[in-house]
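Both complexes below contain chain A, partnered by chain B and then by chain C.
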Partner chain A sequence: MTVITIARQELRSIVRERRFQVAALVLSALFALSLYGAWDYYASLKRQHTEAARIARNQWDNQEPKNPHSAAHYGTYVFKPVYPLSFFDRGIDAFTGNTLFLEGHRMNEAQHRAIADRGELARLGVLTPAFVLGILFPLFIIVLAFNTITGERENGNLRLLLAQGVQPAALFVGKGLGLGLAVLSLALPFLLVGSVGLLLPEVEQQHWIRYGLMALAYLVYLGCFVHLALIVSALVRRANVALVALLGLWILMCLIAPKAAAEYAAWKYPTPTRQSYQKAVKKDLEEGVDGHDPSGEYSKKLEQETLKQYGVSTVDSLPFNWDGFIMQKGEEHETYVFQKHKDKLLAIYQQQQGVLETAALLSPYLLVNLSSQRLAGTDVHTYHNFLAAAEKYRVELIGELNNDLMLNFKYGDWKGTRDRAFFASNKKFEYEGPDLVQAWRVSRPSLVLLAGWYLLSGFIGLLILQRIKPV
Partner chain B sequence: MFALQLQYEWKHLLRSPVSWLLILFLGAAMAFGAYNGRKHVTHRQASIAELQQAQAEKFTALATEADSIIKGLKKTDRWWLDPTNPLAIGALRRGGGTLVLKPTPEQALATGMSDLQPEAFILRIGEQHPHNSSDYDNPARLALGAFDLAFVIVYLLPLFVIAFTYNLLSGEREQGTLALLLSQPVEARQVFVFKLVARFVWLSLLIAVLWWPAAAWAGIPASVTAQALGVALLYNLFWFLLSLAINLTWQQGSAFNALAGIGAWLMLVVIMPAVVNMLAEKARPVPSRASYENDLRELDNQLEKERPALLDAYYAANPQLERKPDEEKTSRDLWLESFYIGDILKERASRVKAEYNEKVQHHADLVRQLMLLSPALAVYDRLTALAGTNRATQLAIQTQLEAKEHKWSEWFKSRYIANQPLSSADYPVIQAMVAPLEQKPAAYDHRGLLWLCVHLVLAVLPMALLRRQAAVLI
Partner chain C sequence: MIAAQHLHKRYGNTQALEDLNLDIAPGEIFCLLGQNGAGKTTTINCFLGFVQPSAGKAFINGIDVSQQPVESKKHLAYLPEVVMLYPNLSGLENLQYFSRLAGFRYEKGELLAFLQVAGLDEAAALRRVSTYSKGMRQKAGIAIAMAKRAKTLFLDEPTSGLDPKASNEFAQLLKTLAQDGVAVLMATHDIFRAREVATRIGIMREGKLVAVHQADELTANELEKVYLETV
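Coming up: the complex of A and B.
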């Protein structure tokens, strides 16, 4: 009962304050602005990529008649999918390549990161709903809450409250509840309005669930800051000092920790340079069949084995076109090598993210940042999922061409061609993105840690309140 | 008396544990920023040295092999591996020359766009292919941004200044020393002005003392260190004036001043840059690179269709060459044709590229105009210009690169056309064509500095307006 009374009283006094009204107004304006910017960004990027994908496929279908293997060299483009929730949190979107060229024999790197086309000043930040909720909203809480307990102490109320037999725990929970309600009064409308991007007809249901989880993550994160504000407010005697201390914490958690942790992670688990990466790939490639080099060591070995298997003495007496066969064997080897090294790279990224998750002990911002990206599909895993799918498609498409070469062309016939009808019948790139289960699996660690932060900070708050001195 | 004030302010500074904490904080941040900047540059240098060495070894081996082939000591049955064949070295994927971009030590100052910049380009006939290690960098790390010296100046320095100035006047009043000060037999305004100047002098000196060793450790050349310090001190002056204006305008308590200072910082340093980028995105959107790729591809297709007509023109212009039916064309005929078609393609592609680049430039121009909205943007702009990690420097490098690629292409093409095999004597010439490019910072247009001065004037203005009020207060 006391809890409810305290909460009601707290809420009432906060809402009445001018600083709540001003801060809420400013924050709402920024949030509205961020939604407007994000909406346009998302809608135009989505349109661009859908259109580009259509054109690229059209170009493939209508290419000039050519040999299937020449078509493999001609190649085609696929474009990074744009997920509905990227309007809310762009995550790493601007820092990953948007276009991927698929061709025979090699796995290319995605090109054209959006950030590269912007000047250096774009590095100073973009206004997105995630930025407003993750970086600015905590400040709002600090401004509301810094004197929650110091204020009571300074005007002598704390002594009265404790003398009346109010349990410190009740004080903490009540104050937390009151503050929490004040936060919710702004955060809930934000999150509701923020779901506007999901209203498009083609949005799958899973994105609603993802958004629900994201919203929950942000609320828990804001709850962490409510706890922090209460703790500092209880520990520090003067409201001024509490404010400065909380602002210092915010700078440390939201500004310094993410960059510092990312730098540290990169030095601790360095990613390879291009030359060492390519060298390793090349070394592995050489230990297998090269479709364009029938006289190579591994090609010869494969030749011996195949001839023996079919009981013939030369490759032109094989029941299929040896060129197409060896081309496909080479492709299979190449893609195995490429994917192996990509996976190794992803493992390094995961180690780096492990550092970020450890550093989250210092900053819940890192956790909400990771969770939000992972749920929005603008994180490293989702991106790699796309790259892997594109690679799989590349192998299938090239496989289709090699298979045609193997079965329908004579050995040594490089002049024979295929026409548009054939190319139009080739497999199309259809990619859905990771499903909800995968997204949940990836984002679970950071979500769990975030919940842990909330509970732990609450627990510490209770402990500290137990020892509170009235003056 | 000014000396006395200086002395007093110095003692005041030394005796407060909070100021020590702040100094420690700024010093540590600068050290970490310097460490990261330094590491960034040395990492790049190491990777480039590796590339250069590999290339030197490769060319030496090729030169020796070419020598043996010419002397008839060695035979080669694979033309694409033959070091005397201009195409094998100048045009094929296995060949090509690696032109490295040497990072300058001043890059340690501000990462800017350098974390996406390729460390080298591979030149082949008609193309320059980026050799980019950042393809393998964790994009999540890139997105979180670098903790470099520029970050310390742009983001953390204002906080440091606010912490030292928020109670400049309000503190005196709150401690009760203001009344004492006013009862002294000296003119109050003079005391007051001296106090401000003394505080500013110490603050600037502190920044300089912390800055110099950090920048030196990062390996930044002294002239750039000095210029960057100049910018930092102007920025310091801006925040000092702003904090003072807050002190004078509202004449509230220290807590209010601190909050207003942080509010101003939040608005100018955190929110404004984000808003500026958003506005520029709206007003002058950057064109889609997805459609750019499709457009380039469309050019390819178009050229494929026009090929017979283009070849008619080619053979008409070169009557000395015999035009054969497609089945009888030798690889030499096809290569010569491809040089011709390649030039046309390049010319047309450069038009498409220019069209896109122009739009990108429009966007960048607008962002730089909007620098007026925040001194943080102006300072960052100046620092990246000093470091040579801004867009302007990248564009300058791109121009140099195109010239190098052109030279490379023409040289190899002429050798092939003239049927002159490469000899070991040619390899030093080839190597000279891919001599490293220095990433010298591009010329600076002073717009950022200009805007910063405008900000300074804007920060002084309220004080001039408030002279009367200030007089009352004092």
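Coming up: the complex of A and C.
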């Protein structure tokens, strides 16, 4: 009961204050601006990618008649899907290539990183709804809450409150609740309006659930800052010191921690340089069949084994086209090598993510940031899921072409061609992205840690407040 | 009703309170005189549980303050030297808030009556405290203390912001409360007001209660003389 009374009073007091009104107005204006920018970004990106994917497939379907293996060299493009929640949180989207060229013999890297087209300033962050909620909103909380306890102490009301028989812990819960309601009065409308991105046509239901979890994560995150503000306000005797301390914490947690954690992860688990990576791949490639070099060491060995297996003496006596067979064997070796090195790289990325999660214990911003990206589908996992799907498709498409060469063409017949009807019948790239279950599995650790942060900071706050003395 | 037994409080090398013994009966008003730093506020802080005594015990209505800090506060009301309250709320809202925290849910009429008795009329009661003078805030504080209907009352320089008329009204109010059986401990610099309102007057020096006089045995001038000789 006392808790409710304190909460109501706190809320009433905050809402009547000029600084709340001004700060809420500024924050709302920034949020509206971020929504406008997000809409612009999302709508145009979605249009571009849909259009580009259509053109790429059209080019494949309508290519000039050619030999199926020539078509493998002709290649095709696939594009990273644009998920509806990238509207809210762009995550690492700007830093990852969005276009992948698929061709025979090699696994390419994704091209066209959006960040490459932008100035250095873009690296500081873009005004997205996620930025407003994750970085700017805590500032709003700090402005509201820095003197919650110091103010009561400085004006002597703390003495009066405690003399009235209020349990100090009730003060923490009540004030936390009041501040929480003031925060909700702004954050809830933001989160409701922020869901406009989901109103676009063809948005799957799972994105609504993802957004619900994201919204919850942001609210818990803001709750962490309410706790932090109360703790600092209770520990520090003067309001101006509390303000400076909280701003310092904000700089550490929201601005420095993300960069420092990423730097540390990259230092602890370094990724190989591009040169050394390509050198290692090249070395491994040379130790296997090359479909374009039938007289090579490994090709000759494969030839001997195959002839023996089928009991024939020359490759043109084989029941299939040797060219197609060796081409596919070469492809399989190449795929194996690329995949092996890619897996090593992925393992390093995985370790780096682990470091980020551990470092996130120091900053709830890292946790909400990871959770938000993972739920929005703009995180590392979702990106690699796309790359893996694209690679799987590449292997199937090239396999389909080599198989056609092997079964339907004569040995040595490099002049034979396939026409549009064949290419149009080739497997299409149909990729939906990770489903809700996968997204939940990936985002669960950071969500659980975030909830832990909230509970632990609340518990510490209670302990500290319980010992507070007004003199 | 208000009792201290061998209360000591030490801050490092400073003895803020030394062997304080006190027993204030219901209906009694005990005024503590002394210079700044003599230990008056520390004494009150010990009874409020804001300061943990180094030795000795403080009792409110027989309850050991350090054993049952929250329970003991049910039996006391407190008026600090500076009452700031919440500037964004009206006097009425402040009174309602503090009363609710003490567990009282008064009707608006009752709240206005408390404020009226403390010297704030309805028009003033409905204004935000940010528009109040220091004296008006003090009056709102008096209303808050009265509304708690406690058996003991602790006052720390309560008349420091009041004009002579309000101070006089406050003295009358205190006497009325004492007649109703409230035990009052008041720290003050106002010798004349103390002489007028108190049952007993104690003089503190360097943490010690060095003299206690019956107020009606001395005139104000005599009291001032005694005070100056003692401190």
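Here is the rule we use: the second predicted complex is superposed on the first by the 470 of 471 C-alpha atoms of A that agree within 3 Å, B and C clash if a C-alpha of one lies under 4 Å from a C-alpha of the other, contacts with A are read in each partner's own complex, and residues count from 1 in each chain.
Assume a residue touches a chain if its C-beta (ideal position, glycine included) is under 8 Å from a C-beta of that chain, and two chains touch if they have at least 3 such contacts.
All values reported here derive from a predicted model rather than from experimental measurement.
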{"item": "Partner chain in contact with A:Tyr393 - chain B first, chain C second, else both or neither", "value": "neither"}
{"item": "Which superposed partner A:Gly156 touches (first chain B, second chain C, both, neither)", "value": "second"}
{"item": "Which superposed partner A:Gln164 touches (first chain B, second chain C, both, neither)", "value": "second"}
{"item": "Which superposed partner A:Trp322 touches (first chain B, second chain C, both, neither)", "value": "neither"}
{"item": "Comparison of chain B and chain C by chain A residues contacted", "value": "B"}
{"item": "Which superposed partner A:Phe409 touches (first chain B, second chain C, both, neither)", "value": "neither"}
{"item": "Partner chain in contact with A:Leu139 - chain B first, chain C second, else both or neither", "value": "first"}
{"item": "Partner chain(s) touched by A:His49 [first = chain B, second = chain C, both, neither]", "value": "first"}
{"item": "Partner chain(s) touched by A:Asp40 [first = chain B, second = chain C, both, neither]", "value": "first"}
{"item": "Touching residues on chain C, where the partner in the complex is chain A", "value": "45, 48-51, 70, 73-74, 76-78, 80-86, 88-89, 93, 97-98, 100-103, 141, 144, 148, 154"}
{"item": "Touch list for chain A against partner chain C, complex", "value": "2, 5-6, 9, 12-13, 16-17, 155-157, 159-167, 469-471"}
{"item": "Chain A - residues contacting chain B, complex", "value": "30, 33-34, 37, 40-41, 44-45, 48-49, 51-53, 55-56, 59, 62-64, 77, 79, 91-92, 94-96, 98-99, 101, 109, 111-127, 131, 135-136, 139, 143, 239-240, 243-244, 247, 251, 255-256, 258-263, 265-267, 271-277, 345, 348-349, 352-353, 356, 373, 379-380, 383"}
{"item": "Chain B - residues contacting chain A, complex", "value": "29, 32, 36, 39, 47, 50-51, 54, 110, 112-113, 116, 119, 131-133, 135-147, 151, 154-156, 159, 254-255, 258-259, 262, 266, 270-271, 273-278, 281-282, 285-286, 288-294, 297-298, 301, 304-305, 360, 363-364, 367-368, 371, 376-377, 380-381, 384, 389-391"}
